[in-house]
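The next block holds one structure in the form of structure tokens; read it before the comments.
Order of writing sets the chain letters: A, B, C, D and E. Residues in each chain are counted from 1.
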Amino acid sequence: MTKRTGVFVCHCGKNIAATVDVKKVAQELAEDDGVVFSEDYVYMCSDPGQTAVIDAIKDNDLNGMVISCCSPTLHEKTFRDASELGDLNAFQCEIANIREQCAWVHNDMEVATEKALKITRASVRRVQHNQALEPIGVPVTRRALVVGAGIAGIQAALDLTDAGLDVVLVEKQATIGGNMLKLSETFPTLDCSQCILSPKMVSVSKNSKIKLMTESEVESISGFVGNFKVKIKKKAEFVDPELCKLCDDCTPVCPVAVPNEYDVGLTNRRAIHIPFAQAIPASFTLDEEACLGLDPVVCGKCEEVCDVGAIDYDKKPTVTEEEIGAIVVSTGFDLYGMEHMGEFGGGRYPDVLDGLQFERLCSASGATEGHIMRPSDHKVPKEIVFIQCSGSRDPENHCAYCSKICCMYTAKHATLYKHHVPDGQAYIFYIDIRSGGKGYEEFVQRSMENDGVIYLRGRVSRVYEKDGKLKVMGVDTLAGRNIEIDADMVVLAQAMEPSKGTAEIAKILKIGRDKDGFLAEAHPKLKPVESVTAGIYLAGAAQGPKDIPETVSQAGAAASKVIALLSKDQLAHSPTVAKVRDPWCTGCEMCVDACPYDAIALVDGKAHVNEVLCEGCGSCVGVCVRAAIDVKNVTQLQVHEMISAIMA
Amino acid sequence: MEKILNQEKLREWVDMLDDCEVYAPAFADSVWNFARIEAGTDIDLSHTNTIGSVKEFVFPQREVFFRFEKKDGVPVLTPTLPDPKPTVVFGVRPCDGRGMPRNDTVFNKEFVDPYYWARRDKLTLIGLACNLPHSPNCFCQSVGGSPHSEDGLDVLMTDLGDRFHVKGITVKGVEAMERGRDAFDAVRDGDQAEVEKVHDTSRSFPQRPLGNLDAIPEAIRENFDSPLWADMAQHCIGCGICTFLCPTCHCFDINDEVISPTTGEGERVRTWDNCQFPDFTMHTSGHNPRADLGSRLRQRVSHKFLYFVENHKTQQCTGCGRCITECPVGIDIVAVLERVSQ
Amino acid sequence: MSNPSKVTKAEDDTQGRASVAGARKPGATFEPRIVAFLCKWCSSAGSDLAGVSRIQYSANATPITIPCSGSVSPMYILSAFNKGADGVLISGCHPGDCHYMEGNYLARRKLYLVKELLQFIGLESERFRMSWVSAAEGAKFAEVVDEFVEDLRVLGPQNRLKAKR
Amino acid sequence: MVNVEEIRDYAANLLKKGEVKSVLGFRRGSASAFAEPCTITDVGEATSLVWDPTCLNNLTLYLVKDRKQQAAAKNPDNRPVGIVAKGCDSRAIGVLLQENYFKREDVVVIGVSCEGTGVVDPRKLSAKLKGRTASRVTFGGADGINVSVYGDETETVIPAREILADRCLECRAAVPALNDVVFGEAVGAREFDEPFHAAKEAESLSADERWATWEHHFDRCLRCFACRAVCPMCYCPECVVDSTTFVVTLGTSAEEKANRIRWCERSANTSESAVYHLTRTIHLAGRCIDCGECERVCPVNIPLRLLNTKLEKEAFEMFEYQAGHDIEQASLLSSFRDEDPNSFIR
Amino acid sequence: MTDNLYLPKIGRIVGIDEETQGARAIKTFKVEFPNDDGFEHDCGQCAMLSMFGKGESMISIASSPLVKEYKQFSIMKMGRVTSAFHAAKIGDFIGIRGPYGNQFPLNDWKGRDLVFIGGGVGLAPIWPVIQTAVARRGDFGKITVFYGARTSSDIMYEADFEKLKASAEVQLSVDAPEEGWPGYTGFVPANLMDKAPSPDNAIAITCGPPIMIKFVIQNLQALGFADEQIYTTIENKMKCGVGKCGRCNVGKDYVCVKGPVYSWAELKSLPQEY
């Protein structure tokens, strides 16, 4: 086919034209092979600009065009849409980025023009080998999977069912609720966490559109957006939730006591137990690891006492496969391990607690039924020190990022402490206070003013035990003095980190993680709830530290993305996928091994690409020694042409 | 012109050719090959046959025909005819020497190849007779040559132990000898006899027989469609070493090498090619008249021992034995001819 | 374990400096030509960020945006050098951050081998460079390019693999 | 000592029982003192089989050739092929199996252990004889290799160390691991030379020195592609460095042929030859099993093995990868480990 | 100094005709010599055409030797060079050297009937013969032209065929049945058999795809044409065009020099290598 390529060079007002001689670029390109139209224009993306493009396509019968303008992330879609309006396939339009990658970063006109020419010329050579492509249509399963049933997962699941979708809600613990279940009151309004959470948990259990699977984890996934197949492994269900009457006859007979995770280790529980009074599903559960061996010969006491015969040691783990259209991942957070905070006595002194443990101390359902007392001697602490940013914002030793909520929950903790111990004194060491949020700043102010909390700006260098007290050595940088406090209790506002197993689930679901290990959003601004893999969305603290309101809104956002996605009969998958040149392929399977999406399989001894699974990353291209595979519209020929255009 | 050159005077002669580029065999990377000689002291004529043949001096691996570029939209061509310095090559074995006239024929017939001749005209070949065939694969005598053949050489030297007998054969050769006049001594009584003796001895060394040379063309012709070829080429890997190293193989490819796709600059280049490569004869359509190794072996052998004979009345093989010795899988043109002749 | 790149790096530098200083005419600055293969998701976005932040850097590197550093065929690198590039840069996402999960790990292994090979045949080690630049690291991108250009200025034009025409 | 009669009997038996259509082995040829490859199909021919340190070739190449022939044939004969294989050759079979080039049941591997020796390096021999041709090369037992030169039939013994191929001196797996039968003693590693020592030596030179070496070599390359032609791993239907479209099917369009990428030109000069050799080296990363064939066949003796072993060394030291060792493993370039070297990246 | 035979003359495309479309499109190019250094040619000869940067291809000169102002070439899009031609515009420059090869011995055919049988792009090499024969109408007996294409829109030189009808018998055929097609439907060899031209004092000249030639020759023989009465041209891959690069040989003949025109009698004496 004779090449009829159009080139459009944008001034972007003065943004480009100030450093790039756009006229020259347009003129020189007009001389290039196959270029039949080349012009510059003040604002390509404006309405008249786009009209000019559309007209030029028609008038010159263009079969390819390059818009030399800003980054393709901004206007690729604009121009591809314009292209379609001009009856030119969207994929015959390419963007040459001469603004961000040229005009804005250079100031010498001659040099920048030279580079703009190369960039544009390379794009022209590329587009001349572009294929017209149509998006690949994919049918949809109208069913969603939510992984992790903290508040994020619960909210997302409920929102999804509101839209009439079926949901599979997978939670690895025995009850849903996540970390919020452990909180006592919540800032800034100090309403009781469980009071606002329980109704939602109950809605989940009552909701016929939700298939709740606790003590379950995603084992593997195959398929693609709209058509995932997910294998879910459920631990052996030794206690039948249908039969269990919550009589609590079993726990007294159980000889094993282990730390209770819901009390963050402040209390113990039995091997057979109910995690929480309000647990959903409401049932006792048997901790396989703690149990003496599921063996009636060794123990078998609980089975004996259970009247209804709800206990069965012979139950096996089950794996079910679910067909799923889209996924919300809300696997939440864990607190950064206390053992890392050796200098603060974390993990060493019983009276150095983390934030969640303190929540449990404050909580009426907690170990002390809401009385704040030292775990070591059950004395009421009179002097209490809170250390903020414990493990956060410390790139050298701990986490580089700000955990965002610690300022707020520490203020909450100090306030709650004053409510429980009016004659006590609370100190807070902080670096600075970050209280952005509705009513948050006021909340912090109140804790200072009404509750007499002493805020000390500075770092704590060491906490050690001396004479039954915890000596807190710190500096007050505002006053410029060293500070020593003999505290009864120290609470570390530990950093939030991705919950254990985030790496694994990310790997299983083939979604990326950011440098801190949180699940990576597709775009930090424009796609904050999308993961990098189509059809998988993120919600809650798994994506980054956040508080409940933010978690809930993100969950809603993720849900609405899923709803939008699954509202279509067919999904459009990008057609820039890999294509095998059959006669060249020898079936060596290197591409099969390299493909991160398992999109390639051998069929009759030749590699075959499942276009719907293929994301067009080109990992296969990079490994095929025979050059038998290419990604459409970024073929090796095209890259070769670009290299030669640049080096010419 | 016949002269005597004492062994130690050889360098003097070389030094007196200082306005020429002088090449002589050198042993490097475990092979003998022709290398530029800077001074007479570098010369070493203890060589066996060089791996590359003298054809490289007239038919280099890469020859630029012309440069092209676009000026104001019009192609401008600049021919790049070589203009080499006069070149003298020492130590050319007679089999290589015999290759030259055969190449001359090819580059002269019907159309004269200016690139070849620009180099050829400046080339003087100083041969060295073989006192002993250097390899069991030599068969120069079986193809009508001899270890002291003068065919194609400008000068023939014969090693008499402490001295060389040097014979100018062509005008160019005599000229080269004239230039080194002072280094030479006159031929004395008995020298001639000694030369004869050396030549006789080397001729008497057994060489691989080819049988009746005249009967070979007919034998090949008869066997054109024989399955023999495929059988004999069974282990051929199609590498083309046999032809690249052959002093008489001259096939080439012509390609455009682009320097800048934007300015349309580039060069049209001739490179070596040969009939053992699959794409040599493959049409764009994929059709290939010589698609298998058997037919390609047949082409190589037929070209040398049938077609060339039909066209030019002589074999296009000088019995240097390179294709036999260097074939990585032991394909042996003498054995092939033997089988075909049976 | 001996890493030849480490052993030879210092030498390369000094030799490069010495030979180029001798060869270059005084006053004439040599402008290296770099082909930069940028991953669409990170380094290309990072260079966009450099643009948005108006960070000024050398114009010697012309970008080619590719889907992922893992899609780089060694042929691209060889070809760029063959076509006369003084330096080749490949920039992708930090380990663990690959938009496609694993592409950059595949790239790392492959490009390590390419780098080792190029050095082994005696291409100056500074001419081939790989970097991790995320979408957030506009400044780093500028730095990587500037540093590269500086290093190449010292080395002078690349003639070893450049097509002899 | 490998008893060649055993190999002959075994081969004859395979043919007799019809378990294979042919046996690839070595026989004495007319062209030189070295053995030449042969394909025997008749039981009677088995007596011509030989086995000694002049059996240089890696016959695996002919398994590849056979597969190509059968694929093109109208009536393919897909019966198994027997092959005499040294340690290195069996690794080549391993890689080909790993890459699904054929199936295990398509080949009967008649393994021969190189025991305490290996094969003769013709280049070393040529260096010793200053280019003259050996007329006889025989195994001289523990002492080394007996050589007599054409025109002078006295026999000299050259110590094995001085004449065996470098790869044999460095070999750590001289017994074919992949086999159906092995002849000879299982002497695996021997104490001649450190693996990769030539590559390590080269690394210790400066970049300029290394370039001087390779410029010299690339410049000498004839671009005959014998190195590629002989390589069992270069089985691609069309090599990326060729600019001809070899694979022409009904569906191959003119555009496709016209747009065949020319990564390098056919010209034999340093730059184009460099692209060719670097391409080949990188394509053989994790696939080259060090049979040394490319180096052996090179008419101008370019030390190609050095390039390949360089990457073999990196694969081994950096990625703990050895070509042809594990046919189930993902290949070097299509796999990775989290702990792969990272420090070279900025 | 001798002429530099590898240095092409510069030609300029002054006309482009799209003959057929599809996978194997054919275009006819009219080429002039802007430097007035053109050459004369004979029927059946070829020229090496080049697109600088792409390479050279041997192409038959499709215009009559009597036309001096320009030369005409019909090129099928096959690979690198031919695709470059297909992308060319009027006004583009090309390289051209030649003429190469032998010619149809038109003078030996005086007074005889001429039967031309062409298919596809194979019409190009015999077209100048037809043109010349028609121009020298009196020299020959009956002139018949058989030509077959896939469909009616694939017929080359369509306009010229109309003119041709005045001086020759034209037998057109298409492979695929078409509504309203006045000519023959079916392959050329069948059409030939159908019309059965007499071999008496006739010469048959055929050119086309190998498979067509094979059947045409079979049929001609069946009609009683002797081997000496049948002429065709053969194509082998060529690079130099002057008998040196070594690849186009059929037996001892380099087709670029001794061919491409052969009588069937001659061809039969050569090995089958084309």
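Throughout what follows, a residue touches a chain if its C-beta (ideal position, glycine included) is under 8 Å from a C-beta of that chain, and two chains touch if they have at least 3 such contacts.
Protein identities per chain, from UniProt: A = Disulfide reductase; B = Sulfite reductase; D = Hydrogenase.
Note that the structure is predicted; figures quoted are calculated from it, not measured.
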**Item:** Chain occupying the most central position, where position means C-alpha average
**Value:** C
**Message:** Tell me which has more C-beta contacts between its two chains, A-B or D-E.
**Reply:** D-E
**Between chain E and chain C, distance of the C-alpha-averaged centres to the nearest whole Å** = 54
**Prompt:** How many Å are there between the centre of chain B (Sulfite reductase) and the centre of chain E, using C-alpha atoms for each centre?
**Reply:** 39
**Message:** Nearest whole angstrom, what separates the Cα centre of chain B (Sulfite reductase) from the Cα centre of chain C?
**Reply:** 46
**Complete:** Residues in chain A (Disulfide reductase) with touches to at least two other chains are numbered 594, 622-623, 627, 636, 640, 644
**Asked** So which bits of chain E are touching at least two other chains?
**Response** 78-79, 82, 86
**Message:** Two-or-more-chain contact residues of chain B (Sulfite reductase), please, as numbers and ranges.
**Reply:** 253, 255, 257-258, 261, 266, 273, 282, 284-285
**Prompt:** Quick one: which chain pairs are touching?
**Reply:** A-B, A-C, A-D, A-E, B-C, B-D, B-E, C-D, D-E
**Asked** Along chain D (Hydrogenase), where are the residues that touch chain A (Disulfide reductase) in the complex?
**Response** 99-101, 235-238, 240, 247, 249, 252, 255, 259, 261, 263, 283, 330-331, 333-335
**Asked** So in the complex, which bits of chain D (Hydrogenase) are touching chain E?
**Response** 245, 253-255, 257-258, 260
**Item:** Complex contacts: residues of chain A (Disulfide reductase) adjacent to chain D (Hydrogenase)
**Value:** 1, 129, 583-584, 586-594, 602, 605, 622-623, 625-627, 636-637, 640
**Asked** Which chain D (Hydrogenase) residues qualify as touching chain C in the complex?
**Response** 199-200, 202-204, 206-215, 240, 261, 263-265, 267, 269-272, 274-275, 278-279, 281-282, 285, 307, 310-311, 314-315, 317-319, 332-336, 338, 340-346
**Request:** Would you mind writing out the residues of chain A (Disulfide reductase) in touch with chain B (Sulfite reductase) in their complex?
**Result:** 32-33, 121, 125, 644-645, 648
